[in-house]
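There are two complexes below, and they share chain A, which is joined by chain B in the first and by chain C in the second.
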Partner chain A sequence: MVPKKAPELFYDESRFCGGCGHGIFNRILAEVLEEMDIVSDTIICSDIGCNHQFQFWMNVDAIVPPHGKMGAAITAMKRVRPDKNIMTIAGDGGAYAIGIGETTSAALRNENVVMFVMNNTLFGMTGGQLAPTTMIDQKVASAPLGRTVEDNGQNTDVFKLMGDMDIAYLARTSVTSPANIMKTKKAVRKAIEKHQAGKGFCLVEVLVPCPTNWHMTPAKSMEYIDEVVSKVYELGEKIDR
Partner chain B sequence: MEKIKLSVEHCKGCYLCIANCKPGALSISKEVNAKGYLVPQVDQDKCVQCGCCYTMCPDLVFEIF
Partner chain C sequence: MEKRIMKGNEAMAEGAIRGGCNFFAGYPITPQSEILEWMSWRQKEVGGVFIQGASEIESVNMTFAARCLGARAFTSTSGPGFSLYQEGIAYWVSAEIPCVVACVQRFGIGDGFISAGQDNFWQAVKCGGNGDYHLIVLAPNSVQESCDMAYESFELAEKYRHPVLLLSDGTIGQMMEPVVLPEMKKYSIDDLDWTISGCKPGEDHKVATDVTYFEPVTEWNHKYIAKMRKIAENEQRWESFEVEDADVVLVAYGISSRVAQEAVARARKDGFKLGLIRPITLWPWPTKAFDAIPDTCKGIVTVEVNMMGQMREEVILRTKGKFKTFAMTVDEPRIHTVNEVIEYAKSVYDGREEEEVF
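The block that comes next holds the complex of A and B.
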């Protein structure tokens, strides 16, 4: 059923820009935590970046490791507190650039943790610089003529990176429409249920807009995800064990 | 009958709600909130309570009765 009222765990307004996808994802996760009645049994590991501002409006237990080190931090958190649901809300910069070692190492060990990675194709907080997810030819602040393989290397597609790994769940969704938001919600719930069943490493990448650094209106940003970003980064479930 | 309530003080003027309201019940009003955004207004008669505005809004503006 479609909810009708904002989750109760929000205690303030968000600090995100208007039309930012992080706000939509925060609400989706809050709805799932409340529907599963696990708010007080959950610890969310933060990244650094716009994404980390979830803790300034959501009343949840949170831990903030250095930028990108979520893969290591959630491993430790789960080992110390196996009774808690352990997850992270990460940026694509954090998870796949500075934190790529920690992210892939946690996946290679098939740690029983959940990563929600917000893919907005760039570094949002610092002004829209190139991230591993910046697409070939996409123009960003630090690649004004567009990304090239020669100068910037190939872009990172987590389906290619982890598609053959022995992990529990790997999915990609978006937030461009009510239907896609419901799919994201289902994937979030599925990942948390696998986590509770001890299945292992779960990663859900969510394609989210950053209208500010994309220099687009929020509505146009959603079209851009549907027409361009999700053609490069395929939606769906890649691994489901 | 009041079908839906808008807490427009939270609004940041992204208009994703209007873009996703199929019956056309939402439009931009002439009211500016304290943040400086022109906020949406609802035509209660046209609203079918589908919840799409709630689902798209990043800023928790909507409550459906």
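The block that comes next holds the complex of A and C.
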């Protein structure tokens, strides 16, 4: 067996919490960028939240607009430098709460950009508050008795939001097992390949664990995704054009 | 030399284009929409990018992103649109991304009125977003200046890596005057070394962000404050008219300065020693201009198209209250007449006005 080396573009250790899914995704994306040999032709738009820390260990060019404004920023980035691969690593709070307008209008325009959205069902960096993706009955810091439709409204499922839109790619994956990690990697590569082919808007949502705010062990968090989260948020490719 | 009759808004848009602007994002709002419309076809002609954002919030952040990647990016708005811009502008400052923004002012609070006004002074000049900053604020008072200031704005912003605000108003934006258009400047998105274009093998990556993440915070802050001091010292611009012996000195920018200038000319004909300081930069404030006011001056009068005399506070602050200071304001969206200005100044001279600060 050949030992697998960490991607060269990592210049420092990850400082995500133990068991966090963001680190797994950083590794997946870094591998894809190196395998496709496109690091120098890629510019990542950061969200603000836990996800934005990739810039502290990934040697890839990036910009950081205000929280949630990635849909607008990547639109402009691609128009200014159409020869570059333009993508964002977003959180579910940034992409679907404060940035839902920007995310949706980029999708409605079918901009040729890629959004990777980390769905951990809450606001991680600020201490685990309610996100649009918080599930009914899920207990979070700002809905301590659990989300209810009466108090908090329905939860957001991007498949329902974008399922009928004229976009190029809409998929949801998870990182709970080697098989699921490979599926995520495949979806990431597919989105970037569609982007390079000018197909239009691509969004890959990745179900990731947040053991810190879920108050679970890393292993238990993975089980929770398999048994609960991915039952609410269906895995698979919803749109593939 | 190309001479045309144009609206102030159009001249500003064309001045920006000729200054190398190759990106524009904006959202329709009166009285600035001509800038947006001009850019929609003109950017195509020059090979630039035009995007009508779905909101002001989209537009301001598109401008940031485009500038980060090297484009000379410009956006324009007015009134409540400028309020929506403030978060985005604070990010431009903290990341040292030298975008250019125009605010074609209107009158009133919130939605307010679409007619001409000068209601954004506090927001534009003091600091509209969170944190310690002032933008470099240029205030045109003619169609020619609307063009010229937009033309030079990118190089000024790039010189300090600090955003420039063109603070126009509905009258300057909508009125037509002859304008001499300057030559096209050459600019490519690869011209500047700080822009984000993809990390080449063997290089350290670049991140356009609040730079304190990548540098010791006190070091960055010292550099930043030194930069703000340098701008404050070096970039003050103003025009003075008959200030040296004036009994009353008017202070006015934009459309109000056109009225005030005429008031000075007419008052002087009648033997009333009126003077005028027209700040061209509202920040840095032209403090040096106020050194010329004689000690015998009976009062300073700001002439403003707003209700509370926003600029008056600036004058009091910058002259350290040395002179009695009044604001000539309006309670409806209209510009003062020349006669009203002269009458008010006489009333100040006679000691019939009360000082007031809200």
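To be clear about the criterion, the second predicted complex is superposed on the first by the 238 of 241 C-alpha atoms of A that agree within 3 Å, B and C clash if a C-alpha of one lies under 4 Å from a C-alpha of the other, contacts with A are read in each partner's own complex, and residues count from 1 in each chain.
Here is the rule we use: a contact is a pair of C-beta atoms (placed from the backbone, for glycine too) under 8 Å apart; a residue touches a chain by one contact, two chains touch by 3 or more.
All of these numbers come straight from a predicted model, not from anything done at the bench.
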Which superposed partner A:A73 touches (first chain B, second chain C, both, neither): second
First, second, both or neither for A:M216, with chain B first and chain C second: neither
Partner chain in contact with A:D61 - chain B first, chain C second, else both or neither: second
Contacts of A:V39 with chain B and chain C, given as first, second, both or neither: second
First, second, both or neither for A:S105, with chain B first and chain C second: second
Touching partner for A:A143 - first (chain B), second (chain C), both, neither: neither
Which of chain B and chain C A:M165 touches, first, second, both or neither: neither
Chain B versus chain C as contact partner of A:R81, first or second or both or neither: second
Touch list for chain B against partner chain A, complex: 10, 12-16, 19-20, 37, 50-52, 54-60, 63-65
Chain A - residues contacting chain C, complex: 39-43, 45-46, 55-56, 58-66, 69, 71-77, 79-81, 84, 101-102, 105
For the chain A and chain B complex, residues of the former touching the latter: 2-6, 10, 13-14, 16-24, 27, 177-178, 181-182, 211, 217-219, 222
Residues of chain C defined as touching chain A within the complex: 23, 25, 49, 51, 53-55, 57-59, 61-66, 68-71, 73, 87-88, 91, 95, 189, 196-201, 204-210, 213
